[in-house]
Amino acid sequence: MPDVVTFGEIMLRLTSPGHLRLVQAPHFEITLGGAEANVAVMIAQLGGSAGYVTRLPANDVAQRAINELRGYGVDTNFIVRAGNRIGIYFLEQGASQRAGKVIYDRAHSAIAEAQPGEFPWDKIFAGAKWFHWSGITPALSVSAAKVTGEAIAAARRMGLAVSFDLNYRAKLWENPEQAGEVLSPLMKGVHLCVTSIEEAQSVFGIDVAAGEGPRGTETARQLCEKFGFESVALTQRQGATANATSWGAMFFHEGQSYFSPRHEISVVDRVGAGDSFSGALIFALLRGDGAQKAIDFAVAASTLKHTVPGDYNLVSLAEIEALAAGAGGGRVQR
Amino acid sequence: MPDVVTFGEIMLRLTSPGHLRLVQAPHFEITLGGAEANVAVMIAQLGGSAGYVTRLPANDVAQRAINELRGYGVDTNFIVRAGNRIGIYFLEQGASQRAGKVIYDRAHSAIAEAQPGEFPWDKIFAGAKWFHWSGITPALSVSAAKVTGEAIAAARRMGLAVSFDLNYRAKLWENPEQAGEVLSPLMKGVHLCVTSIEEAQSVFGIDVAAGEGPRGTETARQLCEKFGFESVALTQRQGATANATSWGAMFFHEGQSYFSPRHEISVVDRVGAGDSFSGALIFALLRGDGAQKAIDFAVAASTLKHTVPGDYNLVSLAEIEALAAGAGGGRVQR
Amino acid sequence: MPDVVTFGEIMLRLTSPGHLRLVQAPHFEITLGGAEANVAVMIAQLGGSAGYVTRLPANDVAQRAINELRGYGVDTNFIVRAGNRIGIYFLEQGASQRAGKVIYDRAHSAIAEAQPGEFPWDKIFAGAKWFHWSGITPALSVSAAKVTGEAIAAARRMGLAVSFDLNYRAKLWENPEQAGEVLSPLMKGVHLCVTSIEEAQSVFGIDVAAGEGPRGTETARQLCEKFGFESVALTQRQGATANATSWGAMFFHEGQSYFSPRHEISVVDRVGAGDSFSGALIFALLRGDGAQKAIDFAVAASTLKHTVPGDYNLVSLAEIEALAAGAGGGRVQR
Amino acid sequence: MPDVVTFGEIMLRLTSPGHLRLVQAPHFEITLGGAEANVAVMIAQLGGSAGYVTRLPANDVAQRAINELRGYGVDTNFIVRAGNRIGIYFLEQGASQRAGKVIYDRAHSAIAEAQPGEFPWDKIFAGAKWFHWSGITPALSVSAAKVTGEAIAAARRMGLAVSFDLNYRAKLWENPEQAGEVLSPLMKGVHLCVTSIEEAQSVFGIDVAAGEGPRGTETARQLCEKFGFESVALTQRQGATANATSWGAMFFHEGQSYFSPRHEISVVDRVGAGDSFSGALIFALLRGDGAQKAIDFAVAASTLKHTVPGDYNLVSLAEIEALAAGAGGGRVQR
Amino acid sequence: MPDVVTFGEIMLRLTSPGHLRLVQAPHFEITLGGAEANVAVMIAQLGGSAGYVTRLPANDVAQRAINELRGYGVDTNFIVRAGNRIGIYFLEQGASQRAGKVIYDRAHSAIAEAQPGEFPWDKIFAGAKWFHWSGITPALSVSAAKVTGEAIAAARRMGLAVSFDLNYRAKLWENPEQAGEVLSPLMKGVHLCVTSIEEAQSVFGIDVAAGEGPRGTETARQLCEKFGFESVALTQRQGATANATSWGAMFFHEGQSYFSPRHEISVVDRVGAGDSFSGALIFALLRGDGAQKAIDFAVAASTLKHTVPGDYNLVSLAEIEALAAGAGGGRVQR
Amino acid sequence: MPDVVTFGEIMLRLTSPGHLRLVQAPHFEITLGGAEANVAVMIAQLGGSAGYVTRLPANDVAQRAINELRGYGVDTNFIVRAGNRIGIYFLEQGASQRAGKVIYDRAHSAIAEAQPGEFPWDKIFAGAKWFHWSGITPALSVSAAKVTGEAIAAARRMGLAVSFDLNYRAKLWENPEQAGEVLSPLMKGVHLCVTSIEEAQSVFGIDVAAGEGPRGTETARQLCEKFGFESVALTQRQGATANATSWGAMFFHEGQSYFSPRHEISVVDRVGAGDSFSGALIFALLRGDGAQKAIDFAVAASTLKHTVPGDYNLVSLAEIEALAAGAGGGRVQR
């Protein structure tokens, strides 16, 4: 039984190669990913024990998702094989002033059509310590939101720690307010919330004025107050172009804020960076890292994710710890 | 205004490269196609005038379909931009004893959700001479079947010749009988029916015993009798492996049967062969070829299709006529 | 009939993949392009109406050029099919201190061998509003220069606006002076001239000292005075390496200069950037944008071109307007 | 605990793409495989329970082997991570009169340097039913032969069925006689021997004259007599070119011979065909198939292997059973 | 100084990948070749000593030709660097009934514009034993024909054996008669002529009726009589599709005919097969093989060429001798 | 006979494409290289005369190394064909904070198993002027170190200039001290030493405190004093990420230091940069450049190497001299 269970949608990602636009590409590169699967792979990659739960049709394309997850050491035994299609997203990497672009083709996916009662949560969570989910799943459909609620309730009942990544996707919700309405009732039972100042404001209405002192700390404080979270992690991305980003985070725990260093990143693939942050944070907390060490580790992990093509953060524990300890990439290792 | 209008679904085709299975491919090759679009491209490729009507969402992936059709000279002015997704099919080419395999992901496509009244058939058919459709479109949804009926009625009303390719797809119908029930009412108004002995039997119940003299002729005769067709074209494929096929056809016209020679083909890509047959047959009839010349031309055209990757038959009039006149492929042309 | 007609040479572009040098590449990526075709595609891409005129041989390689232009919505009905070859250029993208490199193999191309009288300019320009040409075409051959003169005269006679992009290519002329001698007589009839301070100086001898106040304005003023242009657009590129460039422009109109903001660009493919500038400027002026809005739009369009592989600027109106309005590429759009 | 355990060497396979020779290829396609790993994947692919044991260094290239095996559902928990390198083989596919070609670079691999005592056979075999090994492993080194003997002894002691595939490789032995000397002592404890008439003769000296009645049956009978095998399976390949082969087998069990039908195959990749035969035969016998059904199933499985690139036979139970039941590959399944 | 010198045109070959047509290919695969360069590579590949003479521009694309020839061991020291372009040919491989197709873009190439006096034939031939040329070079231009004549005269004067491959290319001559007129005066000085019955008839008017006994022998006899050849080699290709060919040859020497066995070939790339025949024949004769052995060797060599992508026959002496001795390609060599 | 002879190990380099990690790549790009071969190619690329000596097995993979070296104009006549394998290294390019990574698989390579007496140094050095070797070769094995000593002694005896590049590789030595012990005895006979301040300190114990004035000059002075070098070149790399580096060097000659300008580089492939520095320095010194000109030239050459994929610096003399003279890469050359 894995220590950490994540639940959500995994999609076929079809990426145009290099800097080609979707209308130009002669082929699409095939990878797979989804916010919660990405978290599970991050944990398994670090040597942690992770399982992933979703619903996938019984066809060869969906089988790729399972094969790859198993290959990276994620437990897939509780994936339900049912439904008609795996969700798809088309991705075009950005460059300079041109932003990366996603076209979702995920409606009617197997997980979006999941119904309450299909997942044996008691078996799934038996022996597990942590449940992670994100704000994407309840956005997929009313029934997917219900299944998510089911899972949270079971996890809580069985004593698991519960983490939640808001992951607001403008193309899945009518507007941030709708997201707030659907997600708020699910916050009960969440111990750790991963989000950003901007999301907290637009989705949950946490209104901390831009000029108001330590905005992150105040945002996190209000989130904890409003929803009863034990901890809040706020990631902060900055940067005006598709090629370069500045990345850092704050961890709010027991009333205190811990700030990571910021990393200036030359971006290869930023999809999944936030997920690798959540995964590495969970891993670090589970192994008992203190707040400062955990946030530094999670930010180092997700910094490296920006250099790896695909959703998954295929870096090693040693590589992350070296970066967290101050190493850079300036030399070929030979 | 194009001479020939075709109507149906065009899909994004994602093919695993070479002989790789869908679970192995590192990328999917991107082409586009669909039975009726393939017919339109065949006609345009021959120098004929063809337009294609469908419904496609306003996104970059669907835009590829339009760009490519325009590129090959097909009129796309009446494609309706609406709906949520373009249908997709995953294709794995077969080899030897392993059959080619298609996974459809076409439910909820823009054209499947088309509603009667969305297409201005009177404008579309103004000045046109021929309307071609296939049995795939009515299989997509009840509303798509209705729209097809609308189109046939308008074409008939406006004096166009109407051709129909049965194109039975087991994965789209519950069973052949269901196809027969849906398609039969649409047969009124069809002048030319393209099918095979096997389809005529399973879908329309034309029961000509295997041993019974000239089966093709008798099948065609009964089809004409039952539905009032003026002509029937029956294609005949034989061959036990994915690599090799034998291909020929019969054309039944004014009570008489005309048989093409058979071609023994080393297969590159057999998808769209039947469609190129229909397109070339329409082209030949429209330019006034006699029955024997037309069927020989259509079979030569579709023989060459088997050698071209993708759904479209990107060969020239000269190449087809050379093959119809007896040339082979034994020498490099230099 | 398209609103804008452009005329010139389209070439087969053979690019070594990635950063490989021409001697290393296992294959050449195939795109097509040429200064004036690039302008036509930019306009069509924006939703404008554009046609392209050239001379191409009747072979499959040249057919690709036509198919692609049609695919992007450019009218190709007046392309003359004659001659023996399509021009070719080999391209190697630069990197850091290594400059991009072009090897022209365009001598004896179909358009270089075009003769006066081959193009029905009266038909071509019937109903059109704007004619665009560049300084490359007269460099191809004496007869190509004559045909260009023919076109300009016809456009002027028929009341079209005429724009001209100097596009000095050192490998096509003996020296800048020769270019000046050939091009100067063709300037009569040009309304809008697109060039740079450096080109104006070397080719047309507009000698504005480096220290002399607003050099751009003075250069534009002297160009208008010398040749009777109504407007002049001056693009300005800066940057010492192949990877990074700074890009901006000035528009001189009715005696006044309008300056765009500058964009710092991480370069994917800079070929065709100037052409997309001309195309977007024409589009903006035709739709009635004011001078400031037009130059901002054209610079935003051409900034984005630097991020798109190939000669063509396959970006949308919305993307350009977002950048002109201040957006960057810092987030994946999902 | 898996039902079937296989043990041997898995290698990085570097294949030149298409028909390119090794001196021409711009890149090598990466797959992994080895006789015994191929058997394990075949069984897992069929839904059986298989584990694979080997020794691999702790580097990223070897990690690919483990990831892929896990991905296909093979238990890799007892792979020992030690040693300096994973074996490599370069492969060039043949064509027509040009034979496929293998260059081994497998000396000093981790498994070749394995020492007795490194593998906890009692744990590995706990709960297992079947142990499979091949004649390749003892050819790798003296110590690898010893470890193989260790495994056979443990399997025998713990009551597992033991199968052995001779797999004579001319490049690994000095001559067939040497192979016979090393392998003969290991035959004690083997229940099922997979080989061919030719191998049985050259390696084990089973001398059945070509003209002598049913050669296969007599060869099998003598093998059983000499080594105490319960069953012998003899595969038979025929065919003079790299593209086409004829494939069939005989199963000798309880004194009786069962012959499969022969399949005429158009070859995509013949490497691993024999291994898929062994895997499918073990699977069939374990599920209780009778001798005739088992041999037909194993031959159908390995026939399909010839159509799948890479060492692994990525076909499904349903596909194999369809072929065993007489289906061909003549139609695209849609 | 190499033993064998060949002279002619080497071209950049741009091939669409797989079975894609030229209008479909996303990239062109780059190889180089030309009849006489192919002969030189064949000889060097066999361990012989060969040099190649041509005229190439001083650019990176032409440099590839030199690098590759040097890489395969051909002496390139007498290649003249001058002129404006390297000739290009676009190639599309055929399939089944669709023939392979070549588009030449070789006019105005450096070698076509070569002038008499540019090549120091006395230096080039110093120490050489054999000069080989083909009927392509005199087809390129009047001056190229003159240079060829110069070379033949020098070779004759310096006592080299001279071989000639007719290599009739319909796209380079107005008609076969024109070829005959240009080539006939050059025949004086040729010792070995390589051609086919069909070419001998159409180009040289050797009219041996189809029914007339041993046509090859009679054709060869008349050729020797007419032109004073010492030997004639006639290749014979048969086969109606692009995929399959039957290949054999006859060698006429000292009044006697020697026939090779015929090989039934599954074709990968037939371009250059005839050139490898000439190269292997020259190699065999130079090392002193008898007529029968030489023709068998040359046919085995050129049979294998059909399996190697590109113009060059990258097979080894051992592989050819194995095939000549009766081996096939039925087994992977491992 | 070449002017410069280099000796060492050439390896098959298998690189994962783009930014893919080794565990992700579907294929490995194939190049070849090794420190001393890279030096030889640099010299040949500049028009110098260079030969390369190593030991390689007689197989197709090793043959690629020879073909490519010959192709680039390097003399390979003294490469010994013996041994069992060519060394391999797997390379993953770094990105941003993720460093490039090399996995060596070079143990037991043909050159590592070379024995004294196998190379005919007197013949090899006959007529040569310069011998270059690096600190990698003695790291390969005790016998390789002995062969290196043999070569140095012969070169010295025959009056060649000898240059040495320290090239410390952590993965080949137990620690820097061991390298120092093995290399120090070989320093006698070296005229030019190429290294860095860091290497000089760790390997040779040259201890110049960080704060101590001109560290480079002092390091070089002490090296000359300790080992009797005539000149020392110190390269200096700076930069914290895999994408960007700052590169410069110092040349110490006749007691005086000459400093190159520094170049800020956007990195494509940094492997082989130091080797191209050595090659260009040798070339410059051999043609008689003064110290300042030589160091500027060598740094410009190696700056450009960072932009070329693969180990070899495939740039031209003209490109290097243009950069040394101050040109950048800011414009496409057309």
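Letters are used for the chains, namely A, B, C, D, E and F, taken in the order the chains are written, and counting of residues starts over at 1 for each.
Here is the rule we use: a residue touches a chain if its C-beta (ideal position, glycine included) is under 8 Å from a C-beta of that chain, and two chains touch if they have at least 3 such contacts.
In this text the structure is predicted, and so the values were computed from the model without any measurement.
Number of steps on the shortest path from chain A to chain F, with steps defined by chain touch: 1.
Mostly differing positions are employed by chain B and chain E in their mutual contact, as under half of the interface residue numbers are shared between these two copies. Of all chains, the one whose CA centroid is most distant from that of chain A is E. When you average the Cα atoms of each chain and compare centres, the chain farthest from chain C turns out to be D. Averaged C-alpha coordinates put the centre of chain C at 45 Å from the centre of chain F. Chain A and chain E have CA centres that are 62 Å apart. As a whole-number value, the distance joining the C-alpha centres of chain A and chain D reads 42 Å. Residue positions of chain C touching 2 or more other chains: 18, 21, 23, 26, 67, 101.
Across the interface of their complex, chain A is touched by residues 18-21, 23-24, 89, 91, 94-102, 104, 169-171, 237-245, 270-271 of chain F.
On the side of chain B, the complex with chain A involves touching residues 14, 17, 21-23, 25-30, 59-61, 63-64, 67, 84-85, 88, 90, 92, 101, 103, 105, 107-108.
Within the complex formed with chain C, the residues of chain F that make contact are 18, 263, 265-269, 303-304, 306-310, 314-315, 319, 323, 327-334. Looking at the complex, you find that chain C touches chain B at residues 67-68, 70-73.
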